[in-house]
Structure formats: structure tokens, C-alpha cells
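Some notes on the structure that comes next.
Chain nomenclature is as follows: A, B and C, assigned in order of appearance, with residue numbering initiated at 1 for each chain independently.
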Amino acid sequence: MSKKIKLTDKGVEFLKKVQELSGEIITLCEQCGTCTGGCPYVDQMDITPSQIMRKTMLGQTDVLDSQTMWICASCFTCTVRCPRMLDVSKVSEALRQVKLREAVDKINIDGISDEDAKELPSIAVVSAFRKFTG
Amino acid sequence: MSKTGVFLCQCGGNISNTIDLEKVTEDVKKRYGDDVEVKIFSHMCSGAGQKLIKDDIEAQGLDRVVVAACSPQFHEKTFKGVMEKSGLNPHVLEIANLREHISWTHKDKPEIATEKAKDIVSASVSKVKLDEPLFPKTMKLGDRVLIIGGGIAGIQTALDLADSGKKVTLVEKLPTIGGKMAVLTKTFPTEDCSACIISPKMSDVQDHPNITLYTNSDITDIQGHRLHFKATIKNKARYIKDTIDMDQCLSCEKCVQVCPVTVRNYWEQGVINRKAVYIPAALAIPFRYTVDPDACLNFKGETCNKCVEICPQQVIDLTQKDEVIEEVFDSIVVATGFDLYDATEKPVFGYGKYKNVVTALEMERIVDHISEDQPPREVGNRVAFIQCVGSRDEQIGREYCSRVCCMYSVKLASLLKQAKPETDIYIFYTDLRAFGKGFEEYYKRAQKMGIKFVRGKPSHFAENPFTKQVTVNVEDTLSRDVIETDFDLVVLANGIGLSKATDPIVNFLKLAKSEDGFLKEAHPKYKPVDTLIEGVFIAGTAQGPKDIPDTVAQASAAASRVMVTLAQKEFKIDPILAFVNQEKCDGCKLCLTNCPKNAVRMNDSGKAEVEEALCLGCGSCIASCPTEALDLYAYTSDQLYAAIEAIFANKKEDENRVLVFADDSCTYRVADALGVRKMKYSTDVRIIRVPSSGRVTPSLMMYAMKKGADAILIGDCEKDKLRVSWTSEICRKSIDAAKKILADAGVDGERIYFDEFTAGSLAKFVDRVNGIAESVTKMKKITSDIREELCQRK
Amino acid sequence: MKKNIKISYFPGCTLKTTAKNFERSAVKAGGLIGIEMVELSKWNCCGVVTSLTSDDLMKHVAPIRNFVRAEEMKDQGLVNDSRMLILCSMCFNTMKRSNKRVRENAEDLKSINDFMYLEKDYNGSVGVVHYLELMAEIGFDNIAGKIKKQLKGLKIAPYYGCMLLRPKDIGIDDAEAPHIIEDFIGSVGAESVGWDAKSRCCGSYHTVNNKDIVVNLAKGIIENARLHGAEALITSCPLCAFNLDNRQKLIMEKDPNFRPMPVFYFTQLLALALGLGEEDIGLEGNFIDTKPLLKEKNLI
């Protein structure tokens, strides 16, 4: 079933907020799909990286319900390939921050097994907490 | 007896509310006595003002005029008109800039402004007394046209011009003309055979009595800058004895058969190779063999000689030398075309590494051979075309659309589909651009054939090490699915950029490039085939991406622009040019190297002379002349010395002076703009207009120091905006020489400065001159004894 | 003979814990090729991942603080090179990005200095350099000349991961066609294989709470290496090493047919080739047993 979307002032505000946080001009995205084509995580994502650009451009805040921004690990493959020099990883980070700043954490320290706690390199734990907590 | 009229303009108070023009009058009269006639009027530029000047010229028998008013950029033309109406040569006029450079800038200091006005008016009077009547030079225009590049653009321009009776020389770097068009299989959207269209035109070029054709030739130099060019053409040896009548070489191909070297054939894009001795293609014009010295073993220190030995006519001569030809042209058309984007710069696509990734031009040849019994290569079952490789990609600095790739991919896919209907063909695009006549219909026809258009740009490829198939990863942005599939062949739709072979031409002619790297036209709308260099035109893809019909249209446009230009039969050049005082010249030749345009040369009597058609009037040659024999009309050394003397004549013991030599195009304009904005700067500043910084010789600098300058600033345009590109470089050398003299004389401090300005660098100018004026106050005073020593001239 | 490079060294947390073998092999091998690493007198965690939002200046305080130490060491004459050496790819990327930002933006530098008011000011005089870059400066030819044991016949997949190459202004080599690790492999006499996953992400910090992602990616990377004939991988990142090496345990649990592949730090191969002892190479720290391969090639 197709969804009807409304283009609203709230949506325009959302785009503005994400543009400010990311420092990227999302309206420059030409939807060529290069980011998606190179993304090593794309088969884990519910929507593609180019879709988060599109949804954000049109002010669709349901982009925040997608898992894509949480799966993105800032590997910067899209960053070095976007023909418009956009940094999609910065947009992902901005979307994560919009959520995290509502004090929503995406990681639970109790979920780490004892074995992992012993073995995991500290850079893994620190980076996960930096990316998944506000 | 010469008499100079000095007309002081009040400018409705703009000048006279600050400057006491009566006092200026007194001063001028005191200095020049009866040699001058001074008048004050409210608006010199008005009808009444102009009449006043004209009447005075006639009544008083004036033969020289100084108008002291606003900047020459506003009314110099007006007053030159008055001169002509009054029967005087417009070049015996000087404008003293009282408004922008004095009254508006020093509004708050009327007394000092008046003193400064005295200096500036006197400088103009002293200079005008040495002005000579000058007349524009008339140069004859011939009908000789040089066309650089033998692709379809150059061919079309050459034929149009030759048919109109012009004498055309066409220079092509490859051994055959035809360019990229001759390499294409068929053309879009009509699918007619590219070679069949172009080959009659190629033959016409060869046979046309008005066309001299040099193939296998490079342009190694071009001198000249407007409607008079001297080009040096290097016709490279083919190592085959001249066979104009084709009666010696029998084209028996025996040489090719025995040649042991195999290299990439440009014509076949490497799909089929060639030997070191070769004819590129059956339709090559001229149809002549060439030995490629980069490939032939005999040129690599080995002795092979197989071709030489087998030739039944003995026409192969590996000792043949390149031939150098120098010719003069009245006009030039640059038709140097494009280079395909080098996809190895985009390693994610594996071109050059993966066997089954090919360029569009390679695909042209593959498709051209596809119906043969044994085609040079197979294409397989599943083929992908990838659009925008080297176009619209800022990661590699190419922002622009190459305009032809969408349609040539549609064409290649359609031709492939027609030849092998079972092939599964995909075109991956970002935006499909089908804007030309018949393009949309052609696109639709391809879709109807079953070619699939997928909206998505691949990020990278991988090669299966066993099957050598190419794995393409791409988002179908319309379904949002990610396609990951192995293709038997991937065709890159390479974008196009200005050919690298154009760069030397750009350099010789000082042509401009636009941001996309193509040649810049004089105006994008109404001068699309002109360049900023008079007599130089552009045709074809050297100006920007375009398809064949657009190229041909533009080539004919360039030809017609050449015809219009040459139809003038003669042209006038500004008389402000360098000249050589023959008596003073001692033939030392030092000046020859100081003019990059080679406008200064030696004449039969062993003295230097200026080739006026080549001279740009910058005055940079003068600094190199030890006897001051070289000079520049309207800015002669004597005139500038006189102006300098006058400008400092009233200087008092305790005062400082910063003399600014302001180039006409930029620095003088900044000072004007500052006046208009009423921005203040040091009253110690005195400005003298020069055509360029290169005109300011060490002798002028030393004379200025002798006569009272405490510091000198020489200004010119920023490097890429210079009217004549080398002036600031020559000025810097002159400054170094002058500084050495100062240092030797024990003068303390920096004292002589150079800087670059644009018409907009207002604050920079103010900071610079104020900084210099300030620093002078901290330096030791230069004693009159030292000043005397600096310069021999009285 | 060129003077030894004596340079301040930022280890980062992991090189003191799970990647001790990376540090030890680097320090010991460095001593033999002219790199003298002087550890910062005091240092703190760099934060590992650089913050990517525009209003995040405070997140750069931690990395910048370490540069104050490097300037001190320079002032005290403890080093002869004004740069800071880093081994861990993640620290390298984060430190270099923060440093670049404050060096190019005086206002940001001032804000950070104001915030660290109990510290000396950082003047922006320290560059960041990776161990591989230093080796390239010394010259891989020169290093090849110092090799005692040619690693003949060892087929290695050079794994760059993300943080050594991207973004372009931070990377140590061409983001899409790097060759510095290949150059290194050549210098120790081993053979590098051409493959497709050399700069594909390993799954990174998802290893903490989304192991499936890492298992999938690591498996793909190792299988691509094997497809192209590699016998081992080398890396410069302790997190990549963990995901590609330790996580092979989970890959094997999921796919019994999966054949494990040894993963080395590049410095371990350097140490091995320079003839250092097993204690300095630290092969015990690698999860997948590396010894059968090395024995097969007669290298230990």
C-alpha cells in the first residue's frame, strides 16, 4: 500500500536541523545511489543510505525510526565516493544525535557477555558507547 | 613657440571646495611663465566647458592641453574629442586627476590638497610638453588562416574557409586527419555510418587547392597576439621517402608483414593492434605509411631494419629528419578537440585492470567489428553501460555534464542489441539526458528493443578471478533494491575533457580556460566562437562538450567569424607602442630576451627595432636597455623624468613623499575608487600613471629618489589578471636592481615596494601606502648628497 | 647514515591491553629500522571515534590534550621530530582529524585551550604520523636492506580497513588505490595478493552488541582474501584485528566449513623479518594460531 506524505513546515524545520547538525546541504543530493552501492552494511539496513538522504530532504521524520543510521558505522566509503561531495556519514551521525539527545540510549552495558567483556578491545567498547549513548 | 593650455575644473565645487584653484594657477604660472595659459571653469566636461577649451585653443594658438579635472577614466575620451574638433592630435593631451586622487581623498586637509594639486598639475604640464602627435597604425590583413586540429571541427572550418577563398593551413598531430569522429562506428540518433560521412570531407581537405595539410605535425610555437601570428610547425618525419604522387610506395604491405613490433593502434582503440610501421586505417588521409619512432626497434638502439630491407621500392628511410616550417597567419582557429576521461583515475571501476571493463571508444570499435566472422573480442551475454564516468563527479573535479554520453550509450547499446538480439543490456544512469533533435525518440526505440535503463550509479566493481566477469554493485534508486550481478562486459561512458594537446596552444596564445577546463569563449551568449585574443577563434569540443551536429555548426560559425574579421582588409592598432631610438641603440641585443612576444628584433643595420604588430605596449623591454634607446610612445623616459621632476619641485625639507607608479588597469583604478568612496590615505602619496609595472625602470626609480621620493610603491594587477602577463615579473627584477643601488649608496630601509591590486582592493591600497608612509618616518633621512649620487641624470 | 627518528608516541588504550603484541613488535622493530618511539609522559583516551556533528567542539578536547604533552616533550628536547607517532588506526584517524580542525581553525583552538585552562596552551605545532608513513619516509628499500629473514612464499592480503584511508584529507594513501601496505609486504619479501575487500569495513564497534553484522562482514572479507589466494591478513587496527581474528570463532560456529585464516599486525611481520624473537613478535596474542602457517613456510 502506498503511503501518502504531506510536505509540512515541521518537515522543513527537521531538514534544517539535520543540515545544521551535519553541516551538509542535503538538498544537493541527486539520488544517484553511489552511497548505497558502496555501503558494506546495506544488506543489514531497512532503508538505503540514499533513502535517508531523500526522506530527510522531504522532512519525513519517520527516517528516525529506521535502523539505517544505527547500522552505519561511519566507515566513510560513501564520503569518498559521493559525486556531489556530500558526507552521508555526517547525516547519519546527525540523525543519531537527534535521537540520542532525547536521552534514548541504543546500547545496554548488561548485554555484554562476561567473555566479551574480558576480550573486547577497549576501542570497541568506547566507540560503541560514543555512538549509541547521548 | 609652444604654448600649453591648462584648464582647471571646479567640478561644481567637488574640486574647488577643497583645492584653491587660484593658488594652483599662481603656481603653474610661476613655474612655466608665458608657456602656459590657465583657465578655471565650473564644469569642463559640459558643452560650455568644451567650447571654452576649443575657443582657447584657437584664440591662443595652444598646441598642448592639460585638463585638471576628474579621473581620465571618466572624461579622457570627451577631451580627446575636443582636441580633434579643435584640430589638435588627441595624444598631446594630459589629464591631471584632481578629483578622485586629491579633493575627495584629502577633503579634510584643503591646504595640503592644494599643494598636492600643484604637484600633479605641474607634472602633467611637464609631461604634455614632451607629448608628440601619435597616429593609430594601420596593419594590412591577409587571408592566411591556421587551423589547429584535423577532427571534424577543423575539417569543416578548413573547407568553409578554403571554399571562400582563404588560404588555409591545417595542422594535425596524428598521421591522419579525421579525429574522433572517424573512429566512431555510427552516429546517434540516425545510425548512419560515421566513417562514411566524414571520409569524403577528409578527401576534400586533401584535394582542396586552398588547403595546405600538415599531418603528423606539432605546433611548437606561436608568436603574435592580434591578427598577425607567426607559427612554427614541426612536421615530424614519417621515415618514408616523399611519395606525393604515390608512385614510389606501392602500399604492398610487405613492411607491415615483417615488422616484429606490435603496439596499440589509436584508431582501433587497442581492440586491434598495429605494427611499428603502419597506416592507421583504410580511410586514412593522407594514405601514407608512417614508422612510429616510439615503437620501432631501430630507434631503441637495436638494429632490425627488416622493413627497410624488404621494401621493393626502397622508400623507407629511417634517417629522415623532422621538418620545421615557420609561417605567418592572419587568423587562427583552435579546433583541438577532446580527450576521453582517463578512467584509470577512478580505480574503483578497475579500468586497465579488469579485462572486461572497456571505454566507450573501445566499444565503438568492438561494435564496429561485431558482425565479422571472427570479431576481435566477444561481448558475452550480459552487458552493462555505466553513465557519468568522469562527468558530474566532484570527487575527481569534474562537475559538468559531458552531454554526449547518454546518447552514445543508447546508440552503442542499440547497435549491439541489433547485432546480437539475445544480449541482455542494462544502462545504469543518474539522469538520462535526451535533449537533442530525435534523441527522445531514439531513447524510446532502445527501450522498445528491450534495453533496460536502471537509475543508479555503481560505487565500485570487482572482478571474479576465475570467470573474469565483473561484479557490479548498484542501487536501483527507483525500487531501492541493491543489484549485485556479474556482467560479461562493462562499458564505461567516459566523459570528455579538453585535449591535453591543447595546453601548449593555450600557452602560446595566452588563451583563457573556463572553470570546466575547456577553452573560454569571449562571451558565452553573443561571442561563442571568439576568444579574447583578436583573430583567434574556437571550434568544436575544445570549447565544451558537444555532439557532431553542434560541432559542425560551430565550426562553420568559426569560419564565418574568420571571414568577417579578414574582410576588414586592414586593422588599426593603438599607437602606444615601444620604439627604438636608432641613434642611441648600440646593438647590444640585451632587449631581445626581455620581450616574451619577441616584438623586439634586430634590423639589417644591426640595431633593435620593434615589430609593431607584436608589441603589447607594456614597456617592459625598456628596463633591459642600457642606453635608453628603447622607449614607449606617450610614456617616454623623458616624459616620465619630466613629470617626476615637476612632482617633487615644491617638496620641502621636512616633508616625505611616497611615489606610487600605478598601472593603468588596476592600481590607478583602485585610487580612483578610493576617491569615489571618499576614503582617506596619507597626503604624502603622489601618483603617476604608467601602462604597466614593467615600464618602471631602475633609472626611473633612482631619478625619483634623487628628486625627492622617500619611498616608491609600484602597483600592478594580480598575476592572473595582468593585461600583459610578464610585467610584474620584470618589475620585480628592476626593483631588485634598484634596491642594490640604494643599498650600495648606504640608504637605509626597504624604500621600494611592489604589490598587486585589483580594482576592488581598496583597504589593501590604503593599508599599503599608509604603512609605507609611516615606515618612512622611522627611517634615516636621505641626505641631498646621497640623493645626488643615486642618478647621473640632472 | 641518517639519524634515528626520535619521536613522541601515543599508544592509545588498546595497545596497552588486548593489542600488547602490536605495540611490542612495533617498538622493537622500530629500534632496528631507525624509529625510536618515546611514549608520551602522560596521555588519555582520544575518544576512538571522531564526532561528526558541527556543534561538538568539546568532544575534541580529549584528543587535543594529548598534543599538549607532545609539545612539552619537544620543548624538553626528548624528541627530535615534531610529530606524534600513532599505531592504532582508529586513534590515528581521530587524533589527526581533531588536530587538523584546530590547526586550521584558530577560534576552535582558542576555545579548546580556554576549556583546558589548567593545561598549557596547545600551539598546533604537532603533526600526526602513522608508523607506515614513517616506514615509507625511511624508504621501503632501506628497510628491505635490513631484513634478516625474507618472508618468502607468504601470500598476504593487505587489509587497510577504513581509518587509514578515509576521509581523503586524513588518509595516508590514495583512498581507492592504496599501495603502502603492499610496499611494506614487498619490503619483507612476502607476496601481496590483489583483492576486493582491502578497504571494506570490518563491522567496527558493532562487535559489542550486534555480532552478526561483524560475523557477516568478517567472513566476507576473509573469504575474498582466500578467493584471491591469500594465506593470511595483515592490519594496523586492533579493532579490525579483533573482528577479523577473534570473531572467526563465531564464524566457525555458524559455518563448520569455514577455514580459519591467520591475522597479523603488520609490525609482527616486520619484527619476524628483522629476526626478532618470538617474545617480541608476540604470536601468542593472535587468536587464530599463526604458527602452522609460519612453520609451513619455514619462518619459525
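One rule holds in what follows: a contact is a pair of C-beta atoms (placed from the backbone, for glycine too) under 8 Å apart; a residue touches a chain by one contact, two chains touch by 3 or more.
Worth saying up front: this structure is predicted, and the values here are computed from it rather than measured.
Centroid distances from subunit C, each centroid being the mean of CA atoms, peak for B.
Which two chains touch most often is answered by the contact tally, and the pair is A-C.
Between subunit A and subunit B, the centres computed from C-alpha atoms are 48 Å apart. With centres set at the average Cα position, the gap from subunit A to subunit C is 27 Å. Multi-chain contact residues, meaning those touching two or more other chains, occur in subunit A at positions 43, 77, 80. Within subunit B, contacts with two or more other chains are made by residues 348, 460.
Counting partner chains per residue, subunit C shows two or more touched chains at residues 176.
In the complex of the two chains, the subunit B residues touching subunit A come out as 348, 388, 392-395, 430-431, 455-460, 473-477, 480, 482. Residue ranges on subunit C touching subunit A, taken from their complex, read 12-14, 17-19, 45, 47-49, 51-55, 88, 90-91, 162, 165-168, 175-176, 199-201, 203-210, 213, 216-217, 238-239, 241-242, 246. Subunit B contributes residues 346-348, 460, 462-463, 465 to its touches with subunit C in the complex. Those residues of subunit A lying in contact with subunit B across their complex are 30-39, 42-43, 47-48, 50-51, 77, 80-85. Those residues of subunit A that touch subunit C in the complex are listed here as 20-23, 40-41, 43-44, 71, 73-77, 79-80, 87, 89-90, 92-94, 97, 107-108, 111-112, 116, 119-128, 130-132.
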